[in-house]
Amino acid sequence: MSEEEKSPVRRKAAAGLMQYSPENIVPFGPVHPALKEPEYFKLVLEGERIIEVYPKIGYVHRGIERAAQDRTWVQNIYLFERICGICSFAHSLAYSQTVEGLSTFEIPRRARYIRTIIAELERIHSHLLWLGLVGYWTGFDTLFMWIWKDREHVLDLVESITGNRVHKSFVTLSGVRKDLPDGIGDRIRTEMNYLEKRVDFYKELVSTEETLLTRTKGVGRINQEVARRLCPVGPLLRSTGIARDVRVEDPYAAYDEVVPDVKSSTDGDIASLIVLRLEEARESCRLVTHAMERIPQGPVRLTVPRIVPAGDNASHVEAPRGELIYFVRSGGKMLPERVKMRAPTLANILTAVEMLKGRPLADVPVVLTGMDPCFGCMDRIAVVDVNKQKEWAIRGEELRQLGIQYYKKGNMQ
Amino acid sequence: MPRRKIGGALGEMMRTAFQRPITKRYPFGSPEVSNRFRGKLDIDPVKCTGCGICAIVCPSPSTIEMVVAGKRRVGDRELEIQRPVFNLFNCISCGQCVDDCKFGALRLTKNFELATTDKNTLIMSKATEIAK
Amino acid sequence: MTTAAILVEALIFPGLTFFVCIAFLFEWLERKTAARMQGRIGPVVAGRFGILQPVADFFKLASKEEMVPLYADRLVFDFGPQLFFAAPAMGLVFVPVTGPSSILSDPLDLLFMLFILAFSALMAALLGYSSAGRYSIIATGRLVLQYTGYEIPMIIAMVTPAVLAGSLSFDGIVAAQGTYWFILLAPISFACFLVAALAELEKPPFDIPSAKTEIVAGWMTEFSGRALAYVKLTKNLSYVFLSAIAVALFLGGPLGPVLSGNATVQSFFYLLYFLIKLFAVGFCIFAIRTALARVRIDQATRLFWTVITPLSLLQLGVALILR
Amino acid sequence: MQTDMIARIGSTVEGQVTHVRNSSVLTVAPEKVGTACKLVVESGEYYHLSTITGLDEGESIALFYHFWRGKQFITVKTNVPKENPRIQSIIQEVPAAIFYEAEIADLLGVTFRGNPLGDGGLLLPPNYPAGEPRPLRKEADPEKIKRMMRVE
């Protein structure tokens, strides 16, 4: 509790919590089977019903924005890529795009197509991953296993193009680092055909399976009014009927030539989110095949100076979870002056909290993760590269002592 | 509105049960990685000239350190020979050094089994040894 | 039969030890089958095809350090797991396995069986409540709520065969199924019983009291070491227990075409039929388990009260007429 | 059309409008930010608050409120003095700003009046040295802060 007394905000939050008796407060996280990443939600319950949610973010602060100021423009690509393990390409792409915007050169067309292909593959992989986890959260392990089985196809494809499954390290300022390998076209086509079939099957399954529908239909419903107020992004926004997609509204890479068909739904509940994401994954399969057919010949990167002209620039991409925005200020030197990024999850978390209020506890995992949270992305903001290990060592020791106390006392009674 | 039913997954479940499982029994059998896989870094000590570009471009701090590997006499002056030492426990396998090496001395192998109980086994100082 | 012989039968074969082995086998089968249906390979390390994995898990858990939470009720927390284990272990003695009659039989078997089922649920609730964790308390609330839902249809579904057979003992019910299995006369009761059994066993879609993504491990959250090993074993044993009840009540127990022979050969055949039926019922349960998602507690209770209970009552009415 | 709209908003709040690449920057005084943001989100088009960027410019701290629609960003820019970094929160006008403001409050030490999380304490570790400048300020010395936090 001493921790809470130190900080004014924590004190304030604690004061807010005071009005509820401690038995009613159920901790959800930072370590919890439903969350893949550390995040803490204090849920105030009334029986099974949630009446208030206090999110606490910041468990995976890595001080990346500050660290970026000490690295060169190119080194930062690899740094920002490591913000997220799922949408790593979106991060490096958005960053490169923002920096490229400050320069005058034209990115080669073939490179833009390759960027599109990888970005779409990543979207398929991310959406499938999420749907698999929906299966897990609703206790439908079979769906989870099947989908992750099929996701391997995408990951293998990505590995054979970029050299790695997760951290693709494929973008560079002015293009991509390597051309597509020979004979990948046929492989992409067969894999995409297979995936389209699978996605259709899953769509059929999730939209007819009674037990899954009872858990998701009408759960976590938000409307356009809430969406306008709280500014969510990505599928969460599109599920309310507002069909906004950076790929179409502000085309980047090759999206001006390979135009995606933006899907939206008007239900605004988790069931519609599932179907929406599956439709998007299918659309992405089509886009990949389409881009593969139209891909022009030519160079994939240019030789560019290591110094970026001075100026401010903001740019965004449609990451699988929604709009991902980067802001860069360059002083015309080897190192950036300030890089700012905002991950989609930070924009979505308020909406998720709104969706949770008044729902039963059983809906927490489904709703909270319905926005496809990626807390690693969200928390990157901040600080000094704190020596985390040291800090955690202290905290860990305290925790251990507390734990020993807690259990020992019980044993001695 | 599609029909709602219970147990829509049963058919596919039975089909899957008779297919080959996807699980790879990894430590047994050979691991499969693609040709472009970026694994452990390797250096060709003969090709390395010690220019130090790799140490400059590396995005991960203190992965590549330039050390003095020996002395060389050019005329009446004595020059230091510098060679990179790779602390591979810090390496993030991005391959930027491979891209930027003008002499083709670096490459990424397919070896990804880097787990070890002794961190020192991941320090690669091949280039310095040959310079001596 | 002498008391000693009964004791040996009850404790070793076909009693406790035998059923514990079956319980381990059930867990292995469940994991292996589910894995294959999901495209995985499941346990492979311990024993051939990983068949010893549940046993290994049990001993691993049993050898672990046991922790007791500060506010736990020590009496229930310490002795609860054993009592919990006793419930299905005792119940299994009354199920006929190697012949048309069980080790112990009584004209009022069925009532005792109902008591054991209720006792098992009560023990689970007590265990959850005694450990005084927040997740355990919520889970206990859910458990009891779910119990109020599935208990009545389960009782009605179990009474239907008794009505058809005109007997309250398992021996009598099994004997009455010489010509027709009661699953043919009371199919809806069988289905209702399976659904209620899913709820009793906390398997999806009714694994609400132990839903791991919501309340960690439900009422088992605070248990560790030997207590947890016992609790897990008990859940597997209950699985066998309920399947055995289903076999005895609806599938004719160990009855089947028996070749003439001496008593040993006959009992071997009875055992074989019993095991085939047992695994068939078990397989049904884990196929359903694998194919469905978890429902919410309010939805589950609504389902039991508005669908399953009326259906089982209907079947009971039909059974009364058929009789 | 959009240019007109920005010019109109600019004249209402006595701001200065510049156009750089894909974004129109509207520089206003700190007390007019709320009004400017309100005008942008209520301009009839659906503008969406993408994020708020805080930036140490030496004398002052610059705040960029990025609004996005279509191919355009509208950036409302303001500068708050470093000695007294206080500004009125915009969560009345745009509720979505709450976490973005909290982030800046933590990392740059700007206080947002009216935001429950507006004086920081959300992201920084609890043992962050109290007297030190916030981490993203120019004068912050990571090495020193690291040392101080290790002592604790």
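For reference, chains read A, B, C and D in written order, and residue numbers begin at 1 within each chain.
Assume a contact is a pair of C-beta atoms (placed from the backbone, for glycine too) under 8 Å apart; a residue touches a chain by one contact, two chains touch by 3 or more.
These numbers were taken from a predicted model, which means no experiment stands behind them.
Sorting all chain pairs by how many C-beta pairs they have in contact places A-D at the top. Averaging Cα atoms per chain gives one point for each, and the point farthest from that of subunit C is the centre of D. Each chain gets a centre from the mean of its Cα atoms; for subunit B and subunit D, those two points are 41 Å apart. Centroids of subunit A and subunit B (each the mean of its C-alpha atoms) stand 27 Å apart. With centres defined as mean CA coordinates, subunit C is found 43 Å away from subunit A.
As a whole-number value, the distance joining the C-alpha centres of subunit A and subunit D reads 23 Å.
Residue positions 37-40, 290-292 of subunit C are each in touch with at least two other chains. Among the residues of subunit A, those in touch with two or more other chains are 142-143, 146, 149, 209, 211.
Those residues of subunit D in touch with two or more other chains do not exist in this structure. By the definition given earlier, chain contacts exist for A-B, A-C, A-D, B-C.
Partner subunit C is touched in their complex by these residues of subunit A: 23, 26-27, 32-34, 45, 47-48, 135-146, 149, 209, 211-212, 214-215, 360-365, 406-407, 409-411, 413.
Partner subunit C is touched in their complex by these residues of subunit B: 6-10, 13-14, 16-17, 19, 21-23, 25. By the touch criterion given at the top, residues 20-23, 46, 48-51, 53-56, 64, 66, 68-71, 73, 75, 94-96, 98-100, 103, 106-107, 116-117, 119-128, 135-136, 140, 142, 145-146, 149-150 of subunit D touch subunit A in their complex. By the touch rule above, subunit B contacts subunit A in their complex via residues 2-9, 12-13, 16, 22, 33-38, 57-60, 92-96, 99, 108.
Partner subunit D is touched in their complex by these residues of subunit A: 3, 6-10, 12, 56-58, 61, 63, 65-66, 101, 228-231, 233, 242, 244, 249-250, 311-316, 323, 325, 327, 329, 338, 340, 342, 346-347, 349-350, 379, 381-387, 390-391.
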